[in-house]
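Two complexes come next, and they have one chain in common, chain A, joined by chain B in the first and chain C in the second.
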Partner chain A sequence: MEKIRIALAGNPNVGKSTLFNSLTGMRQHVGNWPGKTVEYKEGTFNYDEYEIEVIDLPGNYSLTAYSMEEIVSRDYIVDEHPDVIVNIVEAANLERNLYLTVQMMELGANLVLALNMNKAADEKGFKIDVDKLSQLLGIPVVRIEAVDDTGREELLKSILEVSKSPNNVIDRVEYGSEIDEHIEQLEKLVKEDISEVDAPSSWTALKLLEDDSEVVEKIRESGRGQRVLSEAKKIRGHLNNIFGDDADAAITDARYGFIAGLIQESVKKPKIDKVTRSDLIDRIVTHKYWGIPIFLLIMWITFQITFTIGAPFQDLIDAGMGMLGDAVSAGLGEGFLTSFLVDGLIGGVGGVIVFIPPIFLLFFLLALLEDSGYLARAAFVMDRFMHKTIGLHGKSFIPMILGFGCAVPGIMATRTLENERDRFLTMLIVPFMSCSARLPVYTLIIAAFFVAYQGTVLFSLYLLGIVVAVIIAAIFKNTIFKGKSAPFVMELPPYRRPTLKGSLIHMWERGVLFLRKMGTIILGVSILIWALSSLPIGVEYASQDSVTGQIGTTIAPVFAPLGFGEWQAAVAVFYGFLAKEVVVSTFGILYGVGEEASDEPDPSEEASSGEAPTEEASAEPASGEEVAAQEASGEEAAPEEEAAPEEEEEVAPEEDQGFISAIQGLFTPLSAYAFLVFVLLYIPCLATLAAIKRETNSWRWPAFSAAYTFVVAYIVSFIVYQGGSLLGFA
Partner chain B sequence: MDLGNPKFFERMEVIKSMINALNELKVGDSGVVVSYKGKGSLRKHLMEMGFVRGANVEVQRVAPLGDPIEVKVKGYSISLRKEEAQYIEIEIA
Partner chain C sequence: MMTLAMGNKDEELKVLQIRHEEKFKKRLSDMGIYKDAQVKIVKNDIPGPLIVDIKGSRLILGRGQAQKIMVEGV
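So, the complex of A and B:
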């Protein structure tokens, strides 16, 4: 079977992903471009004796070196020479869409133009003469509807045709005689001096006149470009004199001029703009008074669906893993192997799959919001607030809201931000939003010390998280992310009905990616921590004699200035790295709560019943948020399941008087509050760090995140404890 | 161009007064891009998004908090902050 390699290119929001999904179905692979944070998607399908490999290039408006996406796309076309490039364009928005087409023609790409969303254009009153357009461009133009496979057959035929007899359009674009002449002049020099460069020489000449930094740099590196570069500079000066403006502006003008000519001859635009459906929707959702309430309502619904609907499924997973652990324990009896299987392996796997419900739901909802066009409006509505307070893009609001449920989906939602600086900065502050996994810790400490001030203490912690995030954002903006903030130049695409298939595929590929990339990290570290807690062999799990216990004992003095220098607190903080709610169960173990139910206490066993799920040690941050709040039984992941009659009576840790007095012995009210502040701010949990690793495609950022949050937590807790002491609190 | 004609400078004044930065336009105002003050990658990006000389623009909406604005250009809608729009000079139709 013969192979053909094609690439899909086009502006954002023109149905590129829809076409990609409809061509490849589930036979696709998502990853990153080598060394980049830009997403890479490829897939294959068979057609007429051919195996066709499809690369989905990032959605771009242009091929200038303006963004990483543009560079990636451009380099791919230059270096990899795909057999055919299918350029998807929106029929009702041809002018701007063709700008990218023109740039690909300059590159000598072998193009097929797929004219998408013709029905919508017809309704608006556009009349497009496809044959004329095709003739003027010199490339096949095919009408398609990506959502329902209209024109699919014809598109595939065109692809095969041009793969056999490539069209030559490289000299078709006209920039006016003045510029054309100089391109030719420079092209000759390029051919003579640096002929080994992959890209077409006319394109290289053009880019040099545009003063494209990437191309200039490449030519400089080649070592033989002096003559070409100095000539280019001379011509640029000359053009500047003629046009009274930079040459690259003149060239951009000329491209749009060329396009205007094409449109003039092949498209009849509607005379009067009808009030569109999109316009009517926008009048409501970006309304002066209603816009923000509507946005908040949509956020609230997203939050509720992600976390509340996800919770029962997480509880089911918890219960299932618990039963599995029990079964293994029952089958194998107590022992080192059992401990490994139950606490290490099953616990670790549980810690991964427990995230599936909220993450799948989140990605489904994000796909709906994005594909419908609302996400752009949300950013439009919130941008001023986000820009003024923390200097971020309006879209950063969504990850931060999600962070209050769980930082993992919050981090993953940052991929809706196009700008890398905004994306990284948002990832660094999302963990300060107090997630639901911290709630059990708050509940326990409040029950021990602050019963009378419950609401105030809780509120102060949530507020503190937000305040710290704002301050940190301000600091980072002026240090590691120094420079001008990203511009808010963003298309507001027409509203469209998202397709169920598209949203489901989106959800599936993200979910699977999560399992593959983050799952291994979480599982690996969970097992490592299990080993540290179980060694040396024979030691009681997580006791002071275990490696973790010893680590806790060693590092405990570090926390003395914060008011909690006891080894128990240090060990709890250590386990809290797995997931913050594990702090509670760790105290449970260390103070022997729940021993009556279990012969071998360990931090993964709950303070309550021996039947309790055993994988808590590895986390279920997102789950039980509501449950925890309502029943004040925070560390219980699945109270419903366990409410069934059992031999032993269940006691939530904050209702267990013995446990409470043990905690009261460990802290003073002041040091307890400092401890809460520390738990709020310190190192994001393992799953969050894994998400940051996945999203930034580098270990640098999770490492940095862990380090700086530890410092921030230390400083703030220090101020709280020492300041409080000075003020006479105890 | 008849510089000897005293009316010429008067006319120049009138034309000048019709030119506004894009961020100064009100909702519903429309006009034509005449120039862009300043340089750099933002300018290039805006031009590529359609704010080239001679392009028709119309301010469609302002966000609830007063910024950014939504502008129709080249037949589609784009949003930008006022601080970014201030560099684009429009001759009001």
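So, the complex of A and C:
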């Protein structure tokens, strides 16, 4: 089978990813450009005896040397010579979109123009003469609808055609006689002196007139470009005098002029601007006063859906885990292996697997918000607020919202911020957004202490995360990140109906990171914790004498002022830095059921006698216990009959009555809340720190992030606990 | 001559001068805001960023940035 390599290029938000997904389906993977933090997606598909390899270039407006994405794109075109480049353009926004097309023509790319979203353009009243446009540009132009395969066949045929007989449009663009003349003049010198530079000579000449830093640097390195460079400088000065402006501004003007000419001949624009549905929605959604309440409402609905729809699926997995644990215990009897499987694996990983449904649901909903174009509106609406309070602009808000799903994609999304200061600052506060990995911890503690105030407690934590992020950002903005923030410009794409497939793929891309984390970090850590809890040999499992117990005992005094100075809580926080879900895993392992079940009543007895909780406190756990007990017995009715009455049934942690009461013994409601606050704010998980390291290319930032968040978490928890105690809470 | 930030909703304006540093000027021109380009104001609520229409695409532009773009009525 013959191979063809194609690349997809285009402005952001023109449906590039949609086309990529529809062409390659799930046969795709994400990678990084060598040595760069810029991502690419690659996939393959078969068509008519050909194996077609597709690479999705970053969404760009231009091919200047000003951003990494643009440099990566043009290097790819120059160095890798893809057989065909499919340039996707939005039909209703042709004029601006063609600016990139023109630059790829200059670069000698073998292009096919895919005109996307024709229906929307028709509705607006645009009439595009495709044949005329194709003729003027000298490249095939195909109408497609990326969302529904319209024009797909024709597009693929065009791709095959031009891969066999490449179109040559490098001289097609006209810049006006004055500039054209000088390009030719310089091109001659380029050919004579530095023919080995691997790019079309006319492009090199053009870039020199634009004073492109990358190209100038490359030529300087070649060592033989003195004549070319000095000539280029002379011409730039000359053009400057003629146009009364920089040469590159004149060239930009010329490009847009060339495009305007094309458009004039091939596109009939609507006479009067029709008010589109997009505009009507925007009147409400971006409204001066309604904008922010609407945004809050949308976020509230998002979380409501996540929790309510996710819950039945969680119960299902819960029950499955319970049965699995019972089956293992029943099948293997007591012993080392059972302890490993039931305490270590099911207790550790199982407690976290339960959260897959809400986590994936949240990713899906965030993908819907993003793909529909709403997040760009949220950025607009929040800019006013962000600008005033923390000096970041609205664009920084998108990574923060994504952080509610998981901090890692949030941190990766900071790439859209041009200014390094803004980017680093955003990275430092994204981890305060309460990600879905914290959910298991909240749910467990809420089940043990705050059943009656479930919604309020959960909401207060999300809110606290945001408030702390705002305060910290304001502090940093006036200290280590002093200075002006980057100028703010971003496109406001029209609303699109997100496709199910697109959003599912989007969800999967992020969700799969989670699954991988469960299979690797959490599994590994669970085994490690189980082992450390079983060592040294002969020690009672998960007792204070085990290694885990010793670690906990050693560091526990640090957390005593925060109200959770028991070694179990301390060690959960300690392990939890690897991944926040591990806090639950740790409790699951420490209080894991099976033969050690007899340990459990101890701490709760201790608590009721020693720490003397208030009436309110003891009443609440009771109701929580009741609920948990009912649920547990309901689900576990059948297995329980098999198991010996003394033996605890194995159910997922937050449903396990014994487990819940063990947690109740560990905290008072106040210290439990302080614990939640600490878990929310303290050191970002390992995956997040690794992402920060990748994005900043230095260990300094993740180290700083870990250190300062610990301090912040400590202070806030301290205030919560000590302040709460003073106010008479327990 | 006035700044873009002074424009009213639905007003069509022509860009005369962009008083930004090179890099941002370039970014603006890539997105369609350059000398002689026509801009229409879609939204201009004070405070907060503007929404402008350029050749059929919508851009969000920070208020501070709009204050450095000189325009005149068409």
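Assume the second predicted complex is superposed on the first by the 374 of 730 C-alpha atoms of A that agree within 3 Å, B and C clash if a C-alpha of one lies under 4 Å from a C-alpha of the other, contacts with A are read in each partner's own complex, and residues count from 1 in each chain.
As a working rule, a contact is a pair of C-beta atoms (placed from the backbone, for glycine too) under 8 Å apart; a residue touches a chain by one contact, two chains touch by 3 or more.
Not measured: the values here are computed from a predicted model.
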Room on chain A for both chain B and chain C (clash or fit): clash
First, second, both or neither for A:64, with chain B first and chain C second: both
Partner chain(s) touched by A:3 [first = chain B, second = chain C, both, neither]: neither
Chain B versus chain C as contact partner of A:252, first or second or both or neither: both
First (chain B), second (chain C), both or neither touched by A:227: neither
Which superposed partner A:393 touches (first chain B, second chain C, both, neither): second
First, second, both or neither for A:292, with chain B first and chain C second: first
Touching partner for A:418 - first (chain B), second (chain C), both, neither: second
Doubly contacted chain A residues - partners chain C and chain B: 61-62, 64, 66, 92-93, 95-96, 99, 248-249, 252-253, 256, 269, 279, 282, 286, 288, 376, 380, 383-384, 387, 487-494
Chain A residues touching chain B - in the complex, by the definition given at the top: 61-62, 64, 66, 92-93, 95-96, 99, 246, 248-249, 252-253, 256, 269, 279, 282, 286-289, 291-292, 376, 380-381, 383-385, 387, 487-494
Contact set on chain C toward chain A in their complex: 20, 23-37, 42-43, 45, 47-49, 51, 53-62, 64-65
Footprint of chain A on chain B - complex, ascending: 36, 39, 41-50, 52-53, 55, 60-61, 63-68, 70, 74-81, 84
Partner chain C, residues of chain A touching it in the complex: 61-62, 64, 66, 92-96, 99, 245, 248-249, 252-253, 256, 269, 273, 279, 282, 286, 288, 376, 379-380, 383-384, 387-388, 393-394, 418, 487-494
